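The two complexes that follow have chain A in common; it is paired with chain B in the first and with chain C in the second.
== the complex of A and B ==
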């Protein structure tokens, strides 16, 4: 069974290259201030102030996808950054120490240096540690939002607290940018950002169709604009194109995986250096990974141009990664139902505990509550020292055989 | 595939041993071979096949289908069926014990727990965590350093006064712990028992075990002390399937018989 390549991939490349070139040329000509921002950070404030924004997580995922991350990590380890902390951090700092970047493919000599680094610890503490390395290296300010975690229900008190922190970022960001934040500008960027995430959400929802027109492995690539270009019209233009291609596939009954037999949910980080290998393995098993926590993490439903700070704050707190296990499990349960999921794959990412939801009994609970097969595979988002192709293949093949068995007479009659 | 005299072969190409069976419908296993894994897998596959055919007193042309499973299943030429280890061990164990049960396959590399229902269908599969893979290989290492044949490790353990602590869940760290114990003069018997208990803990931690429990794979064949330790740890009756090392090959053969 073969994988089908999406035609809009060519436009995706153009869109992303355009973004990198604009970032690089602005930094080189010093025509705009440059900020580095975490992927679920307050990018809308930065864009409204005219910053060109770089996302180090995007850079690290590129190192992972190119399978060069492991060439660099040892340099960071030698500086005292452990093998057990975020491999995005160690690969990115290692690449910096080596003086290399995948951006060179787009003609950029280096990753544009920041005037300010802006974090939101809603993802993890590592993003702040990561930025502080560069803050110390270049003596540039590191500012951001210190988020609460393990949130059961998002309350107004929590939203107000985060909104206040966001508002407090404005004066220093204005000073560095040499401009003022206007409400018109800010609302316009929020509106663009909301349109972008809504389009992305519509694209992701296309996978609810049977057969699915898109796989998780496609989406990890096509999510580039929603991660890096929220608030930029070109991102929205791209997703209109992507959505139309997916809609056409649905209308024509075209499957992303020919002969789709099983549909899975992927919980956890992608394994960037093994996207193709895993995609081909699942395709060979006539199985589509239709939905994932990860790709849905850039759907910020709460964004509202009429209430910029509080809606950004709420969006940052409603994210899966910031929540306690009860709302996380409810979310997965809804995904399983809406996407007609036959089984759940948990990726236990060695260096990303915040995105590894299999460590506190969740797979066992979901297996029981949803009566659905679950499997945990061990790996890492980019550190391939933590990943065994053979062990993963054995696990996943066994898992699919188990799904096959469930469809046979006598299924489910346990001991 | 209903002829009563249909004869098939299957090879389970593992990391420690290559196992081959020749099987005839309505008769059962007619030939079997176990060859230690070394060098290129293809050569050991040939060797194991030849030995199994010799025992069955037939030639290759009498074989109607060849099946493969195991770590290097793709190294079996002319296999018409390549099946995952989980399914093969479930099939092989169910052939001997047709009932709902937990099957633990402990081979050279990836121990796994497979729960099957009363029809032999797989309900749940779980693998040992990454750090603990290579349990069979770890036991072979232990036997070598305790200077006993693998099958005698249990006899050694039976003489232990108290188990030496072998606590790491990493197979390589555990090997170092054994060397440290030897360096410090710990009784070999106590180390042997500590090793069995350590492996039992790694298996128990996989989770998903429910009675009845049977064990397949090379560890059950050569290191039955692990089953005893597992039984003591879980409180479950734990028994080996007949000819446990051949279970995967048997399951693969049943797929094409």
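== the complex of A and C ==
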């Protein structure tokens, strides 16, 4: 069975390269201030103030996808950054220490240096530690939002507290940028950002169709603009194109994986250096990974141009990663139902505990509650020392055999 | 009905081949070291199995392969994972819901089956060799003996010692420390087995019928006794535990042939 390549991939590359080139040229000409921002951070404030924004997580995923991350991590380890902390952090810092970047493929000599680094610890503490390294290295300010975690229900008190932290970011950001935040400009950026995440959500929902026109592995690539370009019209233009291609596939009954037999949910980080290998493995098993927590993490339903700070705050707190297990399990249960999922794959990412939801009994609970097969594979988002291709292949193939047997009532192995 | 069928389990340490007849009776088998030539090991094992069965290759209607090297067995007509094949093999001998512990050269697996023999779940050991045959071989090396003599060495124990089960290298260091402190190799060999047991028993919940298979179980029966002691129940060791994966592959082959025959007849 074969994987089908999406035609919009060429436009995606153009869109992303255009973004990196604009970032690089603005930094080189000093025509705009440069901020580094976490991927679920307050990018809309930065854009409204005219910042060009770089996302180190995006950079690390590129190192992972190119399978060069392991070449760099050791440099960070040698500086005291453990093998057991975020491999995005160690690979990114290692690449900086080596003076190398995948951006060189787009003509950028280096990652544009920041005037300010802005974090939101809704993802994890590592993002702050990561930015503090660069803050110390270049003596630039590191500011951000310290988030609550393990949130059961998002309350107004929590929203107000985060909104207040966001508002506190504005004066220093205005000073660095040398400009003022206007409500019109801010609302316009929020509206663009909301349109972007709505379009992305519509793209992800296409996978509810049978057969699915798109796989998780496609989505990890096509999510580039929603991660890095929220608030920029070009991102929205791209997702209109992507959505139309997916809609056409649905209309024409074209499957992303020919002969789709099984539909899976992926919980946890992608394994960037093994996307192709895993994509081909699942395609060979006529199995589509139709939905994922990860790709859905950039759907910020709460964004509202009429209430910028509070809606951004609410969006950052509604995020899956910052919730307790009860709402997380309810979310996965809904995904399983809406996407007609036959089984769940949990990726236990060695250096990303925040995105490894298999460590406190969730797979076992969901197997019981939803009567659905689950499997946990070990790996890491980019540290391939933590991943065994052979063991993973056997485990996933065995999982699909299990789904096959499950589909034959009354017929066990060899009866 | 097919006269004879073959199953090959091309594992990381050893390659096992079996021949079964149309009634799923094992009529010949052989285990050889896998080493670096997976295809060659499969050939040698299968040649030996058919010789022991007293048949020719032509009398074997089909051959299925399993194990880490299953796709390297060029003469196989089909493949299944070792998870599936161990389940099939065990279900042939032990009816009802079971939990299977399979300890091989490089990995340990726990597979749970429902009353119909369908897999409910499986777990594989984390990447470290702790809890596998490789761990025991490493400990044998540290204690100056061979894996073949390790079981005999442990049987001469006089003191129960504790070793860690988290990491092979850590445990190896513990062994060296214990030797320096004058501990006896026999006692450390027994503690090594206990380390494997601890590691395996933390992989899942063991209740109801528990079945043990794999080369480590076949050649190191003390592990079974230790596991029974640890979880307070009986562990069933079916016939030919080391060849259970190959036997399951042959059963999968038989099952497929019979399914096709039924479809053709209907």
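We take it that the second predicted complex is superposed on the first by the 410 of 415 C-alpha atoms of A that agree within 3 Å, B and C clash if a C-alpha of one lies under 4 Å from a C-alpha of the other, contacts with A are read in each partner's own complex, and residues count from 1 in each chain.
Methods note: a contact is a pair of C-beta atoms (placed from the backbone, for glycine too) under 8 Å apart; a residue touches a chain by one contact, two chains touch by 3 or more.
Remember, predicted model here, so these are calculated numbers, not experimental data.
With the C-alpha superposition on chain A as described, chain C and chain B clash in the combined arrangement. In the superposition on chain A, A:395 contacts both chain B and chain C. By the touch criterion stated above, A:405 is placed in contact with chain B and with chain C alike. In the superposition on chain A, contact of A:378 is made with both chain B and chain C. Shared contact residues on chain A (touching chain B in one structure, chain C in the other): 367, 373, 375-376, 378, 386, 388, 390-391, 394-395, 397-399, 401-402, 405-406, 410-415.
The touching residues of chain C, counted against chain A in their complex, run 24, 68, 80-84, 87-88, 91-92, 107, 113-114, 116-124, 126-127, 248, 251-252, 254-255.
Listed in rising order, the residues of chain A touching chain B in the complex are 364, 367, 373, 375-376, 378, 386, 388, 390-391, 394-395, 397-399, 401-402, 405-406, 408-415.
Within the complex, the chain B residues that touch chain A are 71, 83-87, 100-101, 110, 112, 114-115, 117-119, 121-127, 129-130, 133, 207, 210-212. Chain contact summary for the complex, chain A toward chain C: residues 367, 373-376, 378, 386, 388, 390-391, 394-395, 397-399, 401-402, 405-406, 410-415.
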